[in-house]
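Chain nomenclature is as follows: A, B and C, assigned in order of appearance, with residue numbering initiated at 1 for each chain independently.
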Amino acid sequence: MKFKAWIGLTLLLIVAILVSGCTPEPEVEEPEIAPETEATEEEVAEEPTEPFRIAFVYIGPPGDLGWTFEHDRGRLMLEEEFGDLIETTYIENVEEGPDSARIMRDYAQQGYDMIFATSFGYMDHMAEVAAEFPDVIFEHCSGYKTADNMATYFGRIYQPRYLSGIVAGLMTETNSIGYVAAMEIPEVIRGLNAFTLGVRSVNPEAEVRLVWTNTWYDPVLEREAAVSLLDQGVDIIAQHQDTTEPQKAAQERGMLSIGYDSDMGQFVGDSVLTSAMWNWGTYYIDTVGKALDGTWESHQFWGSMDDDIVMLADFSGLVPQEVIDEVEAAKERILTGDDVFCGPINNQNGQEMVAEGECMSDSDMLNMSWLVEGVIGSVSQ
Amino acid sequence: MDNQQLQVVLEMRGITKRFPGVLANDKVDLTLNAGEVLALLGENGAGKSTLMNVLIGLYRQDEGEIYLGGKRVEIHSPSDAADLGIGMVHQNFKLVRTMTVAENIILGLKDLPFIPKIQEVTKRIKALSDQYHLKVDPSAYIWQLSVGEQQRVEILKLIYRGASILILDEPTAVLTPQEAQELEHVLEILTSEGKSAIFITHKMEEVMAFSDRVLVLQQGKLIASRNTDETSPQELARLMVGREVLFRLDKEPCQPGDTVLELKDICAMDNRGLPALNDLSLEIKSGEILGIAGVAGNGQNHLAEVVTGLKKPSKGQVILNGKDVTQNSPLQMIQSGVSYIPADRIGMGAVGNMAVSENLSMKGYRKEPITRNGILQPKQITKFAKNLIELFRIATPTPATRIKFLSGGNIQKAILAREIDSCSGLMVAVYPSRGLDVGATESVRKMLLDQRQRGLAVLLISEDLDELLSISDRIAVLFDGRIMGVVPSEHVDSETLGLMMGGVPISALPDEAVS
Amino acid sequence: MRVVFEKRQSISRQAMVLVPVLSFFAALLLGAILLLSSGANPITTYVAMLRGAFGSTYSFSETLVKAIPLMLTGLGVAVAFKMRFWNIGAEGQFVWGGIAGTFVALFLSQYIPDPLLLPAVILGGTIAGAIWAGIPAVLKAYIGVDETLTSLMLNYVAILYAQYLFYGPWRDPEGYGFPGTALFPEAAWLPRLLNRAHLGLVFAFIAALVLWFIFNRTRWGFELKIIGENKTAAEYLGIKIARNIVLALLLSGALSGLAGASEVAGLSRRLQTGFSMGYGYTAIIVAWMAQLKSIPVLFVAVLMAALLVGGDQVQLTMGLPSSVGLVLQGLILFPMLAGSLFTEYRLRIIRQKNEPSISPDQEIESELQS
């Protein structure tokens, strides 16, 4: 009998689908009758009325004021740059993992020309979808898999992180700095190590206390992690997360912090001394420009401070001039070739990992899985 | 007490309460004097609890009035009753186990401040408990207390709220003899201060020890009112149970065969770890019905569970057809041919949400033809069910109807059908006709008699004396987990039975009562 | 005047059909209010949701992808709930299915011949899920530990352990340090039927039929049914309750484990973040809405998956924030769940005369027991 109820419901659904199919709804496009061939024909005809359609897949909401906020700022810069030539859209809160493939495939089927995915967990699935849609351009942020129609892009955020470490190292009073870190992956480890090297380059006595949250985006957990560090006596909080919660937690305790992702000082206040921040807009404008004029090629982009994709945000009023001078000097050294991960660098056990006069290769940096001397905490491997 | 002036505090006049198909109270009058302990005596279903529930506002009488201190009162709820100084200690205590004694006592008080001053409350409770010898620690949690202590908390709760009339429902049923004595003392102090108490009971001993006056109820009617020191247990027993047996079934003379079941010195504990059966010994022969008489709650269910393997005795032996089966599982007992008609039909005997046919096969499903190699045979189940439905005249729309939609009598017939069909030695039947109408009752009893003719041994546990007298061959009386005595049903008189049910062992009775 | 819920004496056929249909429309109406208040056209949105879930072969296949784990875990939960065993650990059992499947696929592949590898992966996951469900079952059946707590807590253990594995010892050495195990060898891939919808669909259908057979046609199922309906009766009938509860829970966990193993072998082909999207929790809703019946679980799972997939369209095509999609999903579920309550119960408004709050039957009962 209950079976019947379900049949009824299913029938109802089917009827609803049929009815909806008959209703004239101008807003909705028919994905089936928008095959790729037609689109390419239009491209050949070079009709200017058809905008180039770009979709962004976000891990969090643009309102996080951090990671996704910065990507969305880049998207808005794109719209400003290209105006009517392009049309952009985004989807927020997309889980990493198999589910994301559905989202990207959906965009590709809707006829989007270019898709950006902004978290490492989308990599496999983007590669899978890219293989199915050779005419769509795919760009994956922070991963390593590429294809003819799939590129990767990322920035050497470790450079501004090192500089922000100098600020922290000079301004800590307890010689103890807290670091709220998301995932145990090379990207995060690299940033943490760079920050610690920056701290210890000006203050060899200081230590960096580490807490893992195992999540990119969880405001409550990020705050709790920061509070636990503050309880251990740190007086500056740095972080690798997606929101400003650790900064707020520090401010509420009257402590200082170093921001990440965006210019967090804008949202939190003067207690954020500076931030290692992203500036995706320049890259997005560059790569979309190439796609528009047909010169786009697959690539692995890892931009530095030189490329403006990463930068140090403006200093807060609390940072004294001599600290700023020290940072400027270090920035000069980095830009002239003396990069952050050049020896001598010891790991936590005091064992030398990079010898004097040597520098780590990009591939070693991308695989970094050990912590430098001065970090209090551990990685699982 | 005697020197106190007789002052009527409570009067109930012509109380009538009907339930569908039952006249629970029929024009009952009750008066209560200040400083008096009044006992309400009667069998199960005599209407004692209904009368008291009317008094505390749980039920509303259909007819009759209640006067308190000469003024007519309307009692709509227990809180109305509490305002009038009437409180009741229920058989199942209404206490919150995770709260302290003090918290329980003030719980639900109307003029309680938002944050109660627990210190003052505690002090007052201490004073009251000293005054009335109700020893209990106000800061203890309920779950830490023994049953007797919990009862004291209930009584304290009533005194704390200024109750002047206390109703106690079977107060000693859960108490040890020592605790019962303490309760007696508490009642003395209470009445010496002009408070009155009514207690519901069926125990003769208690009536004689505690009460000043006793009212006897039978089938909803007030039968007699006696001053306790002017009556005897014998008279009360006769009043309580003495009536014409409603109908007698024709039965063949008993031809007992071999001993089927023998219980030797059985002891068993209840869930609280208190003794439920004490050194109980019994014997049943094939072709015989042994009736177990007694008021509910004296160990009947435990006895049935020990015999059917559901409960392991802490001491003693269960011998079935000469074999020691004390440690057998319920399944082994079933397989040895023991059938069981439990007291709780829907709770235990049947599965309400399953079909009549499925319920009928719940004993036979382990064997062919109902299952073959572990696979059920629906056709066989239906065939089997149809056969039993016809044989036992079970009124059901179809064999596939869920059994809970059947009437109580038909559910019972279905259980009986299943148990009789699967029985091959001993049949244990507990309250088999309880709640059934006259027709169903008669057919159930006939079926039991038929089993006796078939040569089975039947252990019939009942609280219905008519039933026991009309179909059993011998009657054993159970009181407080002990057998008070075994008498042949043909020669027993209601006075003897009443006395034994009230806790007087047969050995203490004069010889002529037994003959 | 009081309002009381009463269990219906019998459930009418009309109610069975009408109530879900009516509650479905009530749900749409509720959702429409939300959509209007966020400035979207409800009809356009619903059409977009329907299209997203069923509009093309592709979208239908994606709905099935999500429905497969919901079907299997839903069946698992239904088995446990039929026994009145509140197993809310389907998520953990699912995760263990994934862990064990991964273990077999990655670390036992050199010992197992290729044609047997996939069956071994599926079997491994199934057994692991069964064991994980067996823990709360044994604790409950033999010691009386409350199963809601134990099964829930064990979820966290499973989820965190899986995380530890793919962040730590099982991390793909060639994965540039990214969390996630290496890709399974191809012999361990579960074949896909339609786009990404994999063979797990067939497992789910077979499982539903097998469960139906067990509960309706076997002696064991008959005993389980009795235990679930009335434990006292089961004990009285000589049925071994503890052992049967444990066995039923092994079956329940096995189904969730099977779901987990199918998910890793059929979809991601490695253990990584986002492997479970809370299927084990959604399964509880699926099982309830299907009233714990095996075949309806399949349909409800599809419906639920459609709701999840369609909900994304609120963002994808309508450009509304993802939170609106989530609230919409919740709003649609709510009347449907409430509706299933109304098929079993009815509301009755009682004008208080001076009648007792207890029904006459109960009164007589209490009178008899006094």
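The rule we apply is simple: a residue touches a chain if its C-beta (ideal position, glycine included) is under 8 Å from a C-beta of that chain, and two chains touch if they have at least 3 such contacts.
This is a predicted model, so every value here is computed, not measured.
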Best-connected chain pair, where connection means C-beta pairs in contact: A-C
Geometric centre: closest chain by C-alpha means: C
Per the C-alpha centroid definition, the whole-Å distance linking chain B and chain C comes out as 45
Measure off the straight-line distance from the CA centroid of chain A to the CA centroid of chain C, and report it in whole Å. 34
Rounded to the nearest whole Å, what is the centre-to-centre distance of chain A and chain B, using the mean of the C-alpha atoms as each centre? 74
Touch list for chain C against partner chain A, complex: 11, 13, 16-17, 19-21, 24, 41, 43-44, 46-48, 50-52, 54-56, 58-59, 62, 65-66, 163-164, 167-169, 171, 176-180, 196, 263, 267-268, 270, 272-275, 277, 291, 293, 295-296, 299-300, 303, 306, 309, 312, 315-317, 319, 321-322
List the residues on chain A that touch chain C in their complex, please. 1-6, 8-10, 12-13, 16-17, 20, 23, 25, 27-28, 31-32, 61, 89, 91-93, 95-103, 105-107, 109-110, 120-121, 123-124, 143-144, 183-186, 189, 214, 366-369, 380-381
Partner chain B, residues of chain C touching it in the complex: 9-10, 216-222, 225-226, 229-230, 232-233, 235-240, 354-356, 358, 360, 363-364, 366-370
Can you name the residues of chain B that touch chain C in the complex? 19-20, 22, 24, 44-45, 47-50, 58-60, 76, 91, 169-170, 200, 296, 308, 310, 329-335, 340, 342, 344, 347-354, 358, 362-363, 365-366, 371, 374-376, 378, 405, 434-435
